[in-house]
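You will see subunit A twice below: alongside subunit B first, and alongside subunit C after that.
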Partner chain A sequence: MAHIPDGVLSTPVLLAGAVVSAAGVAFGLRRLDPVRVPRVAVLSAVLFIASLVHLPAGPASVHLLLNGLAGIVLGSAAFPAMLVALLLQAVLFGFGGVVVLGVNTMDMAVPALAAGMVFRLAWTGGDPRRAAVLGAVAGGGAVLLTAVMVGGVLAASGREFATAARVVVLTHLPVMAVEAVFTAAAVALLARVKPEMLTSGAARPA
Partner chain B sequence: MSILDTATPRTARSLMARLDPRTRVILALLFALATVAIDEITALAAALGVALTLAVLARLPLGATMRRMLGLEGFMLAVLVLLPVTVPGRPVAELFGLVVSAEGLARAVAIALKANAVAVALLALVGSMEIVALGRALARLGAPERLVHLLLFTVRYIEVLEREYRRLRLAMRARAFRPTTSLHCWRSLGYLFGMLMVRSLERAERIDAAMRCRGFTGRFHALDGDDDGGRGGAPGALDWGVGAATVTVVALAGLI
Partner chain C sequence: MIRLALAATLLLAAPAEAHKLKLFAAAEGAVIVGTAYFSGGDAARGLTGRVLAPDGAEIATFNTGEDGGFRIEALSRMDHTLSVDGGDGHVASTTVAAAELPRSLPASPLSGMVMSPPAAPSAAADMPVAATDAIEAAVARQIRPLRQQLDAYEDKVRLHDLIGGVGTIFGLFGIYAWVSARRRSR
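Now for the complex of A and B:
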């Protein structure tokens, strides 16, 4: 995941992130049927575990962000699910921070929602190979968008971060490639085994 | 051992553990806000000192805490390393034709101090308690009920599903799977987690059916009730003391 620690971003950026995330979480929670909470929770638990796995990529290894896949399977619940995941990472592992939680949630969840929407518009059932291609686009695209947003909030916090912002986007390119392949495979499997998971988000009954 | 077992039994009797979880959550929030608002390097060093003291009070394992402090993500290291050359100001050195400015160095040090102070304080104050206690504290402090449910369920399932994940990885290893840089590896892990999602969702559907059978309508009653041994959820003397001390420190810091 993309964790910006506390102390980096400027106050206006922190406020903007908090406002966007509060709105997104409130919207996601309102659309979340209380009896579907266990379903959303198991899926975000799987995504949490997957994001801790090291995947080899050349000499280094990468962690996946998995927000594209989260958007596809969780739908509107992606915002609260991302907030929970980031809170757990901060509290248990010391990744990220407290005051930046809003910005970090926004950077992960906005691309997740976008990926989920694009996927559901373009795939309404049928060919699993088509689902795989769309999954690759959604998975890779969400990582790219997150990297651009992380770079963007850095650059918006001060001109001295402009170079770092570009480095952030560049270092996420390998993650994007791995994540596209990973998401394509996971989505293809879901399209074959349980296609209803892809056509309706976990937050509401189909 | 699960990845979630950070609250070890050793910390059960520490001074930190005797504080009400709500006090600890509020304290962590105040500490983070105050630390982010400070810009003076000496004050930030003091904040890191406070955070480390809290870590000692919470009896966090020292080595692991240090490793976490240094374990900033790669891109943040890049941000810190780049600052001295990207912030304009009084030059103090020249490296490979790039001017290192005093202001940039100060900025990088300030960010490193802030990030680590908040991370360590959070681990000490909140990371050392059980997540269930954290969920209950958040609910009592007014966090949305559904969000708290989501947190508690997610934590519970992480533990269960991590075990399932290890079983599946073992099965793959038994079939000579080794993680390498290859499409095959990335795709296989994608299938693994896709399968894990299918299985776990089916498990959730069974749990849902069982819970409805027992009258679950999306509400847990334990969240509102008091099950902390007759203390009635009221903060103890220690909580009031810590609260008063915090207010005094913040007020003094504000005056200076």
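Now for the complex of A and C:
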């Protein structure tokens, strides 16, 4: 859940999130090759819709995040993609607040970047099965990291970290599982039909 | 095969459901009745809620039941702000306006704390108020499901929102691509 509504977080946390996200978006856009903009747009649209894929999880209900997949395919361009997707979710669906957009973007995009980096370090082309396993790790790991970060920002705003983190991480265990399977399937498919999408990210070839 | 499975997953998922805490409350006579639920309709069970006076002071706390429902006795005729906290960063709040509550309640928020009955000047003047209260409570009870449905409907994600959002995303990135292409060609 990276849809924290307005009025939950304290001002310093909001500011910190906004600064991190602004820096991330600027960095992502500067490294973005104009030829790859359509790819970012497609992933942004997927992220936007992913929050509507809804899974019952015990007492609560959760939805896919897909930030691991975004990080693998987009690299640093995950930041602008995430920002646009979250902005439209906030405006059109009322998921999450507008003021907390920076924090929500940070909670989603930083794990995405981490997942993408781990994936690209470990996979440089070749066996799609290996890519699938790595995709599962990256997808599940990104969700876990997002949940921990959400718990963290809640704690930084004066809530007890242990409680907040436990609730958030527990409700996200099923998402982690589903997300790992989903990311693995998507990555295996890409590794087979379009491996260059996985190895390059959306950055200019250095 | 995988592509088919992915498409099936996406299609089977009900697009109207998503994870957002909602709170609905309305007055039925002097009782504030409401429910807490996740957008999509799942009840938010066992959450702790707070009732705040207009000046921000906490008047009472309540817990949501198995169906996410709760009842609170209003002690004075003022705006009651209700808020629930899911503990994981989900919060929701709503306000029951003073105008919804019966006129027989004391107006001052302070006198509401002590259960002082409204000073009845005479039985004759009190009668119509009691009758109006009963009618108001009955009407409120009748239209509450309707209001609740409307409240939920307002928040439903509809297909045109979805398509509009996707279109906006492509438009935004299209503009970005156009601007950066112009910058490059110069």
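Criterion: the second predicted complex is superposed on the first by the 185 of 206 C-alpha atoms of A that agree within 3 Å, B and C clash if a C-alpha of one lies under 4 Å from a C-alpha of the other, contacts with A are read in each partner's own complex, and residues count from 1 in each chain.
One rule holds for everything that comes next: a contact is a pair of C-beta atoms (placed from the backbone, for glycine too) under 8 Å apart; a residue touches a chain by one contact, two chains touch by 3 or more.
Just so you know, these numbers come straight off a predicted model, no measurement behind them.
After superposition onto subunit A, partners subunit B and subunit C are found to clash with each other.
Shared-chain residue A:M197: touches subunit B; no touch with subunit C.
Contact with subunit B, but none with subunit C, is seen for A:V98 once the two complexes are overlaid on the shared chain. Looking at the shared chain after the overlay, A:A90 reaches subunit B, while subunit C stays out of its contact range.
In the overlay built on the shared chain, the residue A:R129 is in contact with neither subunit B nor subunit C. In the superposition on chain A, A:T183 makes contact with subunit B only, not with subunit C. In the overlay built on the shared chain, the residue A:S51 is in contact with subunit C alone; subunit B does not reach it.
Set side by side, subunit B and subunit C differ in how many residues of subunit A they touch, and the one touching more is B. Of all the stretches 19-27, 91-99 or 217-225 given for subunit B, the clashing one with respect to subunit C is 217-225.
Once both structures are placed on chain A, subunit A residues 3-5, 7-8, 29, 34, 37-38, 40-41, 44-45, 48-49, 52-54, 56, 84-85, 88, 92-95, 150, 154, 163-164, 167-168, 171, 182, 185-186, 188-189 are touched by subunit B and, in the other complex, by subunit C.
In the complex of the two chains, the subunit B residues touching subunit A come out as 3-4, 6, 28-29, 32-33, 35-36, 68-69, 71-76, 78-79, 82-83, 86-87, 104, 107, 110-111, 113-115, 118-120, 122-123, 126-127, 131, 134, 144, 146-147, 149-151, 153-158, 160-162, 165, 179-181, 183, 185-191, 193-198, 200-201, 203-205, 207-208, 211-212, 216-219. Against subunit A, the residues of subunit C that register as touching in their complex are 2-3, 5-6, 9-10, 13-15, 17-20, 38, 40, 42, 45-46, 86-92, 155, 157, 161-162, 164-166, 168-170, 172-174, 176-177, 180-181, 184.
The part of subunit A that touches subunit C in the complex is made up of residues 1, 3-5, 7-8, 29, 34, 37-38, 40-41, 44-45, 48-49, 51-54, 56, 59-63, 84-85, 88-89, 92-95, 150, 154, 163-164, 167-168, 171, 182, 185-186, 188-189.
Of all residues in subunit A, those touching subunit B in their complex are 2-8, 14, 25-26, 29, 32-46, 48-50, 52-58, 73, 77, 80-81, 83-85, 87-88, 90-95, 97-99, 150, 154, 160-164, 167-168, 171, 178, 181-190, 193-194, 197, 202.
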